[in-house]
Amino acid sequence: MTHIALAGGALLILIGVWGMLTKKNIIRIIIGFSLFDTGLHVVLVGLGHLKNRTAPIIDSDLPREAAASRVVDPVPQAIVLTAIVIGLAVTAVLLAFALKLYQSRKTLDISELREGNND
Amino acid sequence: MVKKAFAFTLILGMGLLFYQLYRQRSTSTDLNKTARYYVENGPKETGSANVVTSVVVTYRGLDTLGEVTILFVAASIIGFFLKNQRNRKLEGAPGETSELLHTGSVFLVPLIFLLGVYVFVNGHLSPGGGFQGGAIIASGTVLLFLADPSIGAGRGVIHVLESFSGMLYVGLAVAGLFLAGGFLDNRIMPLGHFGTLLSAGAIPVIYSLIGLKVGAELSSILYALKDAKE
Amino acid sequence: MINPILIIAIALGTAFSLGLLKKLGRELSFAITLIALAAMAFISAQWLSAFLTYNMLGPVVTTAGGRAPFVIVLQMGHMEALFTLLINVMGVMGAFYLHDRLTENGNGAMAVLLAGIMGLNGIILTGDIFNLFVFLEIASIATAGLVLLVTDFKSLTAGFKYMLASGLISGLFLLGIIFLYNTTGTLNIRELLIAVPGTIKAGSVASFLVMMAILLEMKPFPANGWGIDLYSGAPAGVSALIASASATAAYFVLIKLLPLGGTVAYKIAAAVGITTFVASNLVALSQRSATKLLGYSSIGQMGLVVGIYGLNYHLGSKAFLIIFSLLGTHYLAKAGLFWLSGIVQSTEIDKWSALRKSPVLFVLFGIFVFALMGFPPFPSFFGKWELIMGLVASKLYWWAGAILLGTMFEGIYLFRWFSRALKLDNQELAKPRSTIYTFVPPLVFAILLFPAGYYTSTYTGGIGIMGFAPLLFIMLIGFLDFLPAYIKNILSIAGVAAYSWYLWPHVQGNTFKIVFAGIFMGGALLALFAGFYRRGKHLGFYPTTLLMFLGLGILVDASNLMELFYGWELMTIGSYFLLIRGERSLPHGYSYLLFSLGGSLAMMFGFGLAHASAGTIELSALNHIHVLPALAYSLMLVGFMTKTASLGFHIWLPGAHGEAVADIHFMASAVLLKAGVFGIILVLSGMGNSEPYARNILLVLGWIGALTALIGNIGAAFQESAKYLLAWSSIGQLGYIVFGLATMTHLGWLAAYGYTITHFLYKGILFLIIGGIAFRVGTADMYKMGGLIKRMPFSFLAVLISIITLAGIPPLVGFTGKWIFYNMIVSEHMFYQGLVVIISGIVAFLYLFRLIHVIFLGQLKDKNRRVKEVYPWLLIPAYAMLIGVMVLSMFPNTLLGPLGRMLSTAFPKGALHWDGYTASTAYGTFNMPIIMAVIGSTFAVVFLWLLLANRRAVKVKQFNIFYSGEAPSRPELTHFGYNFFAHYKKAVGFMAVPLVTRFWDQVSEGLHALAGYGRAIYTGNAQSYLFHIVGFVVAIYLITMGGLS
Amino acid sequence: MTDKKYPSHEVTGPDGKTFTVTPMEDYYCQERPQVQKSANAVVEKFFNWARANSLWIVGFGTGCGAIEMRPLRTPRFDAYRYGINWRATPRQSNLFIISGYLSVKTLKRAIRVYEQMQGPKYVLGLGSCTINGGMYWDSYNTVKRLDYYLPVDAYITGCMPRPESLLDGFEELKKIIMAGEANGANLYAEKFDWYKANQKKIIKNWDMPDYSW
Amino acid sequence: MNFDPMKIPWSLLGLFIVFCIGMFIRGFVPKITARVGKRIGIRIYQPWFDYVKNFSIQTSITHGYMFYLGPVFRLTGGIGMVLFMPLIHGSWYFSNFAFAGDMVLFLYLMFFGTLGMALGAGESGHPYSAIGVARGLAQVTVAEIPLVLAMLAVAAQHHTLSISQIVAAQQGGIAHWTMVTNPVATATGMLALLGSMMNSPFNVVLAPQEIPIGPPTEYHGTFLGILTTNRSIFPMAKIIFFMNIFFGGATNWAILILKGWLIYMWPVIVGVVFPRFRVDQSIRWFLKVPLLLGILAVALV
C-alpha cells in the first residue's frame, strides 16, 4: 500500500514541477505549486504508514500496552498537519500576488510580468 | 518547444533523484524510537487519547505555535495588502443568488459551525483537532458568502476573536513556563480522568483556541479575497 | 538570565495584541513594536555578555515539559547569542527606518515585521530540523509580506518571484527532512548530526536535498535571479532587512546543518560560494542601476562567506574571526547602502551625485563603500588579510586567486559608482530629503563600523593603538570642516608635527627609515605650509590629506607586514581623495584607485606567500621566501610599481597629477611616489640577487625602470600643459630610481637613494612654483604664458636652479646622481640598460628647457602684464628646498656619506671612498667643492667683466628686437611655444605612442563584454528562475552523486 | 601720437582686474640716444684701427647698388681679405650701405635698422641718388638728400659703382675711421631732433617710437 | 689630493694658450673654406680684429638679467671644460684641475654652456632665437648618444673614467692609442664630434639665411665678444678631449697644437663637402649609423 502512496505522491510532485516550469499562466503555475505541495504531503504521510496497522488513537478496543505494536507512526501525521497549513498560507499569498499582478498589468502571462528595464 | 524538452529532462532528473530516495528509505516494520516513545508514554504523560494530538499540541507544540503564526502572518499580509481594495458599492447590493441556496444556508450554517466546534473540542479524544475544526468553520463562512456575497457583518468580531485567541494561546504557553515543566506544557491544568472530555490538561483548551483562531483567520482571508474584486 | 524562549514569546505576544490595539492609533503601536524588538535585542545582548565574561557552555532550553530529546529544544550558545543579537539589532534599526511605510500600512504590517524577526530568531535558536523548516517558512512569508509594503509593479513581481522560488526550495527542504526522519528516526539536529554524518558520501540523497535547500537559500550563482530581483525590487528598507538579517540567519542555518553532508558538502559549499562571489561581481560590472548593483554585491558577499565556511577546515583557528569580520562588515555596510539608496530614491548611479548636497550622508556613503572593499580601519580589512594568509599558507592558491579576482571586480563597479557620485555635477538634481527615521539607522551603523574594526584588530594583533588613535584626530578635523581653511591648516600642521615627534624615536638609528620618514613628514609639513595660500573652507581636503600622511607614517613605522599593508591602504584612500579633486580628474582618479587596488591585491597575495614560507608576518618574512619565490616577489614588486607608475602601470599618473592643484601636485608626486620606492627597497633587500629567479626578476625590473625613464622623458617633451609635462617627468625620474634599485649594486642603490631625496627637493620646488604660476595665470598651458620672468623673478630663479639640478648639470647636486650612475654602468658593464637611462637623462634636458623657456622667457602677453609674483606661501617652502639643494650641492658628502655607510652593510663591494671632499670609486673621482669653486669663480669673473663693459646699457622692452626692419604686431605672434619640438616629434615621435593605454582599454572592454554574457541569464522571468533552481539541483546531484564525479 | 596699428586697449588679467595697455609705452623703450664719449687717445686710436679692419656690413640692400656687393664675396674681388664681412642682424654690424635711390617706404625700414645698430656706426651712400636725388630728382616717393635723414660718412660715385670702386670706397672709409672722424652716430645723437623732424615730415604714417632701439 | 694654490696661475696660462690656439684655428678654418672656393679668404689674424672691435662697441642694449647670464653661462661652461681637462700629459703645471673631475664632468659641462646660451637667447624675446635654440637642443642632445657610447667603450676598455689615466694608458707610441686599440669607438666618437661642432652638415642652428644666425640674433658688442671667446675655447676643449681619449694626448704644446689642428680639420672638411641637414634628418642620421657603431663599440669591449 505504501508503494502506491509514495509513487503517487512522487508523481504528483513531478506533475506540479512540470506545471510550474512550462505553464505560461500564473494561476496555472500556482496550481502547479499546490499540486507539488500536496504531492509532498502524500509522500510525507505515506512514509509514516506501516503495513496493516491502525491510527494511533488509544480507546476501548486499543489498550495502551498493545498500542506500540498495532499503531502507525504518529509523527509524520503531526508534521503533515503543519505542512498542509503552511502550503495553504503560501498558496493564499501567491493568489493575492496573482490578483494584484493581474490588476496592474491586465495579463496573467508570466513572460509579460517582467520589470520594464531589466538591465 | 525547446523549453518543454529541457523541462522534461529536468523532470527526469528529479525522478531519478526520487527513485534513489525511494530505494534508501528504511524498510523496518517496527516503530522508530521517537514514535515508540510517543505511543508508549504519550497518553500517560499528556493524558490525551489521540497520540497525534499530544504530539501536535505538547511534544511539538512550538511547531503548532509557529504554524499558527504563519497563518496569522498570511492573513495580515492579505489584510493590509488588499485593504485599500474594499469597494463600497458591493456592500448593500441585494443578493441575486438562488432562493434555494439562500434558505438552505440559513439552515445549514449553524449546523456546520456546531460540527466545527465539536471537532476541535474533542481534539484529544477523537481524530481531528484545532485545524480541522477551524477549516470546517471556514467552510461555513464560505457557504455564507456564496449565499449572500454582500454580507459585511462580522468583520470586527473575526478580528477580535483572532487576536484574542492568539494572545490567550501565547499566555497559556508562557504560563506553562512558570507553572508547569516548560514552555507549552499542558500540565498547567489537572490531567483529569483519561478518555473524558475535561482530561489531558490544557490540550483541549489550547486546541479549541487554535480552532477558533484558524477559523477566524481563514474567514478573514476569504473576506479579503471576496472584497478584492475590481 | 532571561530564558531565550521569551524572545519568541514577546514577539508573538505583541504581534497578536497589535490586532487589538488598532484603535490606539498607529504611532503608539509602532512604539510598542519598537519596544518589543528592543527587549528581544536586550535578551540576546545579555546572553552574549554572559558568554563573553565567563565563557560557560550554552544551556539547552526544552519546550513542552522538558521531556529530553523527544521535544523541540532551543539551543542558546556563544554563536547563537551573537547572531540573534545581530538580527534583533537589525530588527530595531530596520523597523525604525521603515517607520513611514509601517505607519502608512497599519498594524498588520508591524505584526508581519515582528513575526518575521521572530522567525529569524527561531531559525537560529531551534534545535529541531522540522521546527527550523517552520521558522524558515515564517521568515520567508513575512519577507514577502514586507516586500508588499510598497505596492508598485516592481515589488509585486519581485515578491511573486520570491514566493515561488522559496516555496519550491522549502518544498525540497521538507522532502529532505521527511526522508531524514524516515532513515534516522529523529528530528533533533544534535542527534541527526551524530546519526547521519558523511552519509552523503554513503549516497544519502535526503541529506543531499537538505544541504541543497540550504545552499539555494543563500542564492548561489546560477540560480539567484530571483534573489537579485528581490533586492532591487523590494523597497530599500526591506531589502536592507533581507540583505543583513535574513541572509545572516540563512548563513547560520548553513553553519548548523552543513556537517550533515560531510566533507563532500564542504567542498560543494566552497565551490558554489566562491563561484557565486566571482561570477556575481563580474556580472555586476555592466550594471548601471544602484539597487541591482547592491543586489549583486550582497549575493557576492554571502557567496564569499559561504565559500570561506566551506574552506574553514584549512583556515584553522582564524576561521571564525574571518567569518565574523566579513559577515559583520557586510551586515553593517550593506544595510547602510540599502538605506542610503532608500534616501536617494533614484536607481541610476549617475544620479547619486545628488547625495553630495548633504555632506554627512555622502561621508556615510564613502564609509560604507570603503568598508565593503576591505579598506582599513574596517573589520573586513583584517578579515580579508587573515583569509588570504590562511588560504595561501595551506596551498589553496587558486581559491585565494579567485577571491582576489572577485574583490577586484567588486572594486571596479563600487569605485566607479563612488567616483561618479563624487564628481558628476548635480546642479539640477534635487537634494535628497531624509527624515529623522531614515537618517539615524545608517548613521548608527556607520559609527558601529569603527569600533567593530578596532575590536577585530585586537584579535589579529597586527596593529597597535597607534593605528587607530590618529584616526580620531582626523575625524575631529573632519567635524571641524566648517572652519576657514587656515585654522584647519594650523591644526593639521600641529597634528603632523605631533605624529613626527612620536615617530622620531622609532626611526632613530635606521638611516633607511630616517630618509623616508624625512621625505614623508617633511613633505607633509611643507605641503601643508604651502596650503596657507588657500582662501575659503576647502571642504574635505584636510581630513583626506592627514589620512594619506598617517598612512605614510604607519608605512615607515611598520614592524610587520600587516602594519605595512594597513598604512599602504590608508595612504591609498587619502591619496585617491586628493587626486580626484581636480575638475576633470574623474577618469584619472578612478583609474588610479583601480591600479592601486589591483596592486594591493597582488601585494597581499605576495605577503601571503611570504607568511607561508616564514610562518610569521614580521618584516623579516620577506627575506628568502622559499614558497613560490618568483611569483611572490614579482607580485609584490608589481604591487609597489603601481605606485611608482612604472611602465605598464603609469597611465593614471599624467592625468591624475596633471589636473591637481599646486600643493596637491607636490604631495602626490614628490611624496606619494616615494611610498612605492620604499616598498620596492623592502622587497629587493629581502630578495637579494643570489638565486637565479632573483636575477631574472632584477633583469626585467631593470629594463622596466630604464624604459620607463625613456618613455617618461620623451613623453614629457611633447606635452603642452606644464603640469602634464611635470607628471611625465616624474614617471621618468621614478624610472631612474627603479633602475638604480634593480641593479642591486652599492652604487646603484646609492644613486637611487640620492635620486629619491634630490627628486623630492627639486621636484618639490617645480611643483609648488609651476602650480603657483598656473594659479596666478589661470591656466597650466605653457604656450598661453611667456615672458613671466619680468613679473616673477623669484620663481624664475627657483625653477632655474631646479632644472639645472634635474638635468644633472655639474655645480649642483643632480650631477652626483648622474656621476654615480655612470660609474655603476661602467663598472657593472650594464651598457644597454645604461645607454637607455643615459639617453633619457639627456632627453630630460629638452623638456626642461621647454618648461623654463615657454613660461618665463619670450614675449610677455597683454593678459599677464599685471600678474603678481607667486603666493609667498608657495615661495617660502620652495626656497627652503632650494637652500637644501644648494647645501647638498656644495657638500654632497653630507648626503652620500651616511647613505654609503648604511649601504655598505648590504653591499660591501664597490662603495664610494671619501677622502676629504673628494669622492672616488675604482673608476672616477669628483670633488664637488672644487668644481663649485672653479665654476663659481669663473662665473663671477665673467659676469663682472660683462657688467662693467655694459654699465651704460639701455634697458629695452619686448618689441625692441630686430624684426628684419619691420615692427612686431602682437606679443602672441612673436612667442614661439606651441609644439616646441615639432621636428623632434617627427623623428622620434613613434616612442610616445600611447600603446599601454590602448592595452588597458582593451582589457576593460573584454571584461565588460564578458559581464554582458553573464547578464543574459537574468531575464527577469520568474519561470526561468525556477528553471535555474531545478536545473541547479539536478546538475549538482548528477555531478556529486549520480556517478558523474 | 595715437596710431591705428597700436591702439591702446582694455585687457582683463587672469585675476579679473581690467587695466589699459598702451602699446607704445609698454612695447617700446622711449629713451633718446646719447652721445658716446670716446676713451683716451691711444686706446681710441687702437680701437679705430681694429674697427677699420673689421667692417661688418648689415645685409640690407636698400637699392639697386646692392647687386654690386655680391661680387665682393666671390673669388674675383674677395672683400673678406680686407676684414669686411656681412652680418645678418644690424645689432652686430656697424656699416650700413645705402646703395642707390632710397624710397620713402625703404627709408622707414632703413631708419629702424640704422637705429638698431650699435656703437660707432657708419653710413656709406652709393651714387648720386643719395646726394641730390640723382635721376629721380623729381620723383614723388624717393628721398632727395640722404644726409637730411641719416648721417652719412662717405659717398662712392658711380651710377652704381662697380665692385672695384666699392673696394676703393671701403679703403676710403677706413682712412676716415683711422683718422677718427667717422662719428656719424654721435652726430645723429646731437642733432637727433633735427633728424627726427625731417624724417617725420617725409614719412606720413609714423607708427614707431622716436628712437627704435 | 690637497688643493695647491699655485695651480691657479698655471691653469690660467694654459687657458690663455688654448684661447690663442682657438683664435688661430678660427682664423685658419675660413681660410681653408675660402681656398676650396678659390677665394683668398680672410687674414689669419682677422678674428683678433673682430674680437677687439666687438669690445670697442660703445652703445649696448639689454633685454633683462637672463640676457646677461646667457653669454656668462656659455663662457663659464667653455672655460670650465678646459680647466678640468689635463692639457699636457705628465706636466704638473698644465694638468689643471683634472684631479677633481673626469669624463662625466666633461660631458655634463657641455650642457652647462648649451643651457646658458639657450636661456639667454630665450630672454631676448626673439622668435628666431627660440626656433634656433629648439633646433640646437634637439640636435646636440641626439649627437650626445654616440659620444656617450664611445666614452663608455673607452672607459670600459681602460677600466677608468678619469681622463689623465686614459692618456697615461695610451703613452708609448702609436700602437697604444685608442684609435688603434679600439677603432670602432674612435669612429663613433669622431662622428659624434661632427654633431656638436656647428659645421655644415649640422649647422642649421646658425643658418644665416633661414633665421639670422639663430640664437645669438640679439647679441652684440661685448656680449658677442664673450660668445666669440667661448667659440674659440669650447671647440678647443672638445678637440683636446678627443685628443686625450682617442689619439694619445700630448706630452708637449707642439704635439697638442698639431693634433688639435688635425682633429679640428675633420669636421671642417666634412662641412665643406656636405650640404646642410634639416634638424629631423640630422636626428634620424644620428640614430642610424653612429648609434649602431656605438652599440658595436660597447659590445666589443
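In order of appearance the chains are A, B, C, D and E, and numbering begins at 1 in each one.
Definition applied: contacts are C-beta pairs under 8 Å (C-beta built on N, C-alpha and C of every residue); 3 or more make two chains touch, one makes a residue touch a chain.
Computed from a predicted structure; not experimentally measured.
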Key: Touching both chain B and chain E (chains)   = C
Query = Going only through chains that touch each other, what is the minimum step count from chain B to chain D?
reply = 2
Ask   = Compared with chain E, which chain's mean CA position is the farthest off?
value = B
Query = What chain lies farthest away from chain C once each centre is taken as the mean of the Cα atoms?
reply = D
Task = Name the chain with the Cα centroid closest to the overall protein Cα centroid.
result = C
Message = Could you work out how far the Cα centre of chain C sits from that of chain E, in whole Å?
response = 55
Remark   = dist(centroid_CA(chain A), centroid_CA(chain C)) in Å evaluates to 51
Query = Distance from the CA centroid of chain A to that of chain B, rounded to the nearest Å?
reply = 15
Query = With chain centres defined as C-alpha means, what is the inter-centre distance between chain A and chain D in Å?
reply = 116
Message = Give me the residue numbers in chain B that touch at least two other chains, ranges are fine.
response = 3, 7, 10, 14, 25, 32, 34-35, 38, 59-60, 63, 66-67, 70, 73-74, 77, 81
Key: Where chain A touches two or more other chains, by residue   = 13, 17, 21, 47, 75, 79, 82, 86, 89-90, 93, 100
Ask   = Mind pulling the chain C residues that touch 2 or more other chains?
value = 130, 134, 137, 141, 144-145, 151, 175, 179, 182, 187, 952, 954-956, 958, 960, 962, 1027, 1030
Query = Which pairs of chains touch each other?
reply = A-B, A-C, B-C, C-D, C-E, D-E
Ask   = So in the complex, which bits of chain A are touching chain C?
value = 13, 17, 20-21, 24, 26, 29, 33, 36-37, 40, 43-44, 47, 75-76, 79, 82-83, 86, 89-90, 93-94, 97-98, 100-101, 104-105, 110-111, 113-115, 117-119
Message = Using the touch definition from the top, list the residues of chain B that touch chain A in their complex.
response = 3-4, 7-8, 10-11, 14-15, 18, 22, 25, 29-32, 34-36, 38-40, 42-44, 49-52, 55-56, 59-60, 63-64, 66-67, 70-71, 73-74, 77-78, 81-82, 125-127, 129, 131, 195, 214, 221, 224-225, 228, 230
Remark   = Listed in rising order, chain E residues that touch chain D in their complex are 30, 34, 37-43, 46, 49-50, 52-53, 56-61, 208-209, 212-213, 217-221, 224
Key: chain C contact footprint on chain B (complex, rising order)   = 3, 6-7, 10, 13-14, 16-17, 20-21, 24-26, 32-35, 37-38, 45, 58-63, 65-67, 69-70, 72-74, 76-77, 79-81, 83, 159-160, 162-164, 166-167, 169-171, 173-174, 176-177, 180-187
Key: Residues of chain E touching chain C in the complex   = 1, 3, 55, 59-66, 68-69, 71-73, 75-76, 79-80, 83-84, 97, 99-105, 108-109, 111-112, 115, 118-119, 122-127, 130-131, 133-135, 137-138, 141-142, 144-145, 148-149, 152, 155-156, 159-162, 212, 217-218, 221-223, 225-226, 278-280, 283-284, 287, 294-295, 298-299, 301
